[in-house]
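A, B and C label the chains in the order they appear, each numbered from 1.
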Amino acid sequence: MTASTLASPGDTAAGPPESRRQRRKRERLQEQAAAIPVHLYGLRRGTVTLITVACVLFAIFTLVPVAWIIINSTKSQTGIFSSFAFWFSRPFDFFHNFALLFQNVDGNGTYFQWFGNTVLYAALGGGGATALAGFAGYGFARFRFRGSKAYFYVIVGALLVPVAAITLPLYLVYAKAHLINSIWGMILPSLVSPVGVYLMRTYVDLSVPRELIDAARIDGAGEARIFFRVALPLMVPGLMTVLLLSVVAVWNNYFLPLIIFTKNSLYPLTVGIGVWSQVAERSGGNSDLYPLVVMGGLVTIVPMIALFLVLQRYWRGGMLLGSIAN
Amino acid sequence: MSDTALKAPRNAPPRTAAARRTRRSAWSRRRDRRGLAFVAPFGIAFTLFTIVPLLYAIYESLFTSRIIGGTVFSGFGNYHQVLTSGAFWGGFVRVIVFGAIQIPIMLAIAFFFACVFDLGVAKASRLFRTIFFIPFAVPIVVAALMWGFLLEPSYGPITHLANAFGFGGTNFLSSGLILPSIILIAIWEWTGYNSIILYTALKSVPRDVVEAAILDDTPLWKIILKIKLPMVRPAIVMLIFLNSIGALQLFVEPEILSYQGGSITNTWTPIVDVYNTSIANAQYNLGAAMAVVLGLVIIVVSVASMIFRRQRGELS
Amino acid sequence: MSAVSMEALTKVYATGAKALDALDLQVAHGEFAVLVGPSGCGKTTALRMVAGLEDITSGVLRLEDRVVNGVSPRQRDVAMIFQNYALYPHLTVARNIGFSLENKKIPRAERDERVRAAASVLGLADLLGRKPGQLSGGQRQRVAMGRAIVREPAVFLMDEPLSNLDAKLRVQMRGEILRVHRRVGATTLYVTHDQTEAMTMGDRVAVLRSGRLEQYGTPRELYDRPASLFVASFIGSPAMNLYEAALEAAADQCVVVLGSQRLTLAPAGAERGGLGAYRGRKVIVGIRPEHLAAPGIEGAKPGIEGAAPGIEAAAGASLTVDVRLVEPLGSAQLVHFTIDAPEVREDPAEDTEQLAEGEIMDTPVANGIAVTGPRTPARAGSRITFGVDPGQLHFFDPDTREAIDTGR
């Protein structure tokens, strides 16, 4: 039962090219066919309306901060403080604010440099973490070597260790190994994603049949070739989910860069914006940094939301559940 | 097969278990090593960037650096200090209160919407799903900042709203209201994500079971609470577990809100305490001890809950 | 008055797939009616429409003469047994069985009593405290039945309830279901793809194909007078042998030309029914494997065991074939043979038995099969002559594929 919700590698199989609209329509039809017709539940029309209202309310709740940040990215500092928060005000400073992102306004750093750093950390860290998790998940799922179970439990156990208990000593080690203010100090720890390994092991278990691997072995294929040619194509949806999760994890990471970087040219967005907001608050209304913080926030979230909308169909929320089926 | 095996008397036991074991392992040891090769890259990174730091944290926690005399071994001195620190435990209680309020509210809302999506009741449920998921893509730092602006005591629109409803002088970032504010932020951040996971779990409830319930004339509320809910219980337990671990490590929201004038003490949560102790006050050893204590508490609680559930037969 | 009545019942799914095409079917009170047909022919769809789980695209559905097209399944007073049982996995057997009674707010004492009664009918009395996960397949099947009978519904609907059981258990549960049916006496609509199940269980059997009703009658009728080529090949195991043939246009006799051989029908038989009209035309002729009478090897006189008295086999009512394979079954023997007439197959993919044979056989592939006594001396490679009772032959129109009435 889990296998069907979890692994549908067929999604990625090459078929006749299907347009976006066709796919949407097919998915909608499939979803409809999978759902039990609502009237069978004996719902009253009023209840349905009430439920829809609840959805709308929660959607509003969800979108309020996003709407606020979009609207206020067009305002000057006085506009942010004194105009109605959910409507535009003069002057229309959107482009002015946007231009500020390319300047080192207060000497603490330039937004776009941080943006570039974040992309770099997220791409290398998240991509690397996904690759390592893919290899390791396959290794744990399809090989039994001495201590493999114990190793795996240690890795799962690492989920319980607070991030701080790992990050803090890293800082102390870095101080000795001259990794303070090195991008590697940020990227290398990001490669470790115990959740990713855990998810990939479950995913491989459910979507890469043992028989397939054995058949390839009998055909004389080497283990590396089996992995790349046989297993990997079946693991793609799982890997995409892990990739999304690890990229988000790096993109979100605050604690590690906060303590290991003292040079602001290496900051990722999270730390940079945090510093700005701190400075802005300390200087009261004088710093003119508020529009920058707002605009920076907007430019931070838009790429992530866009990425999610694009990659949504690869998202296998069910992966997080695969483990509990037994 | 060896010659001796061939010459073995006919009524001898057919190959001992030990012999069979060596034969099998001789055959599979080669494959073992290949499996290890797949795990190795992660294993090396894991060792270097998780195990070693963790051990190093434990090691460091056993020392104390003094202004005069440098770093000296102090045994469990740091632990004694942490365990007897009222501020540290105060932070601990705070995150427990935070989790005890935020997680049930969030999961209730998430389960409600997961059911709505699963039933297909709302029109455009796909659109709602996408919208609800948006906060997951927003970095917590930015989420906290946005809410910080909205809740700001002088110009924040939500403060204005509270004033308009007669709650003049409300300060959401004051020491009395900052915990509810952070709960609100956390609910905003995580409800959609949890809801999607529960939705996936609900989808795996076999359709015919629900249809059987319909033919049994089961009212909707009972289908949801008495049939679907018990069937997705493992997913809910897992979410409670993951969210609890997250709650105990609450850091970014209070830290960012403190920049925006929020009333956050240096020991507001255990991790805030760890951060301020080790980075701001440069007492690394003490900070390390705090982190270790926090980790131990998490591990003890998880293992205890697992044993408890196993005893009740929920885990195999 | 029928318990269930379908009139031109049609289902078109949202995808555009037409699953059911103007199905007409009446089930009498207390009757055990079976819907049978290959997978995908619309059996489940029909059943779910009766249950109310699928909307009716067009047509009229009546339960007890009440039109129920728009009535909720909750108010139809039908119980359904699902293919995968659909038990509530987290509830005990007792609560699974009694769940509908709980919903009806029936007092606890009465509920327990009825659950216990149902459980004892099904031999579940000792398992009431278990959860479905701790039961065997057959026990789960019984729990699903218990859940249905405890409600005392007007109609039982069963969707391939035995398909998840192993062969031996299936035979046992067949009897079990019939026993419960007789005891409860409720109208039952039973779906299966297994013709043996249909024939052994049904009071009446409806054969469906691609959403259309091919024939509806007692098992005897389906066996003796299949209305179409499809029913002929679907009912009966091993399946009927079907060949292209021609009827000779002789004036006083009716002769079937089957490859290089000729079968002379008694004149009386030829005049009866509509067969006379096919003189001089092509027909499809069908012979059940069990009606090929075991004679002995070539040269011996064709024996005609079991022919109905009164029907005289005309001289030459025999077929000579080449034996390809003999499969002894113990009580009988399957003789696979080749005859030089073109074989006709109806949906060969549906019949796994035939597929398996095709794999075993060398070329030339056997195109016929006979069931003979266990000691009939047939050997692969030998030639054998079967006696044929012309009264047991079936004729079909090669274009419409419908049966030609021979007046039987």
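The rule is simple: contacts are C-beta pairs under 8 Å (C-beta built on N, C-alpha and C of every residue); 3 or more make two chains touch, one makes a residue touch a chain.
Note that this is a predicted model, so its numbers are computed, not measured.
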Interchain contact steps from chain A to chain C (minimum; 1 if touching): 1
B-C compared against A-B, more contacting pairs: A-B
Intercentroid distance (Cα basis), chain C paired with chain B, Å: 57
Centroid spacing, where centroids are CA-atom means, of chain A and chain B in whole angstrom: 16
Contacts with two or more other chains, residues of chain C listed in rising order: 53, 73-74
Interface hub residues of chain A, defined as touching at least two other chains: 32, 36, 40, 42
Overlap residues in chain B, where contacts from two or more other chains coincide: 206, 211, 214, 219
Touch list for chain C against partner chain B, complex: 51, 53, 73-74, 78-80, 82-84, 86-90, 99-100, 103-104, 147, 151
Parts of chain C lying in touch with chain A, wherever the complex brings them together: 13-15, 52-53, 55, 72-74
Residues on chain B engaged by chain C in the complex (per definition of touch): 206, 208-209, 211-219, 222, 227, 230-231, 233
Contact set on chain B toward chain A in their complex: 28, 31-39, 41-43, 45-46, 48-54, 56-57, 60, 109, 112-113, 116, 118-123, 125-126, 128, 130-143, 145-150, 154-157, 160, 188, 191-192, 196-197, 199-201, 203-204, 206-207, 210-211, 214, 219-220, 223, 234-235, 237-238, 245, 248-249, 251-252, 255-256, 259-261, 271, 274-275, 278-279, 284, 287-288, 291-292, 294-295, 298-299, 302, 316
Residues on chain A engaged by chain B in the complex (per definition of touch): 1-2, 4-5, 28, 31-32, 34-36, 38, 40-43, 48, 51-52, 54-55, 58-59, 61-66, 68-69, 72, 80-82, 85-86, 131-133, 135-136, 138-140, 142-146, 148, 151, 154-155, 157-173, 188-189, 191-192, 194, 197, 223, 227, 248, 251-252, 254-255, 258-259, 269-270, 273-274, 277-278, 281, 293-294, 297, 300-301, 304-305, 307-309, 312, 317-318, 320-321, 323-326
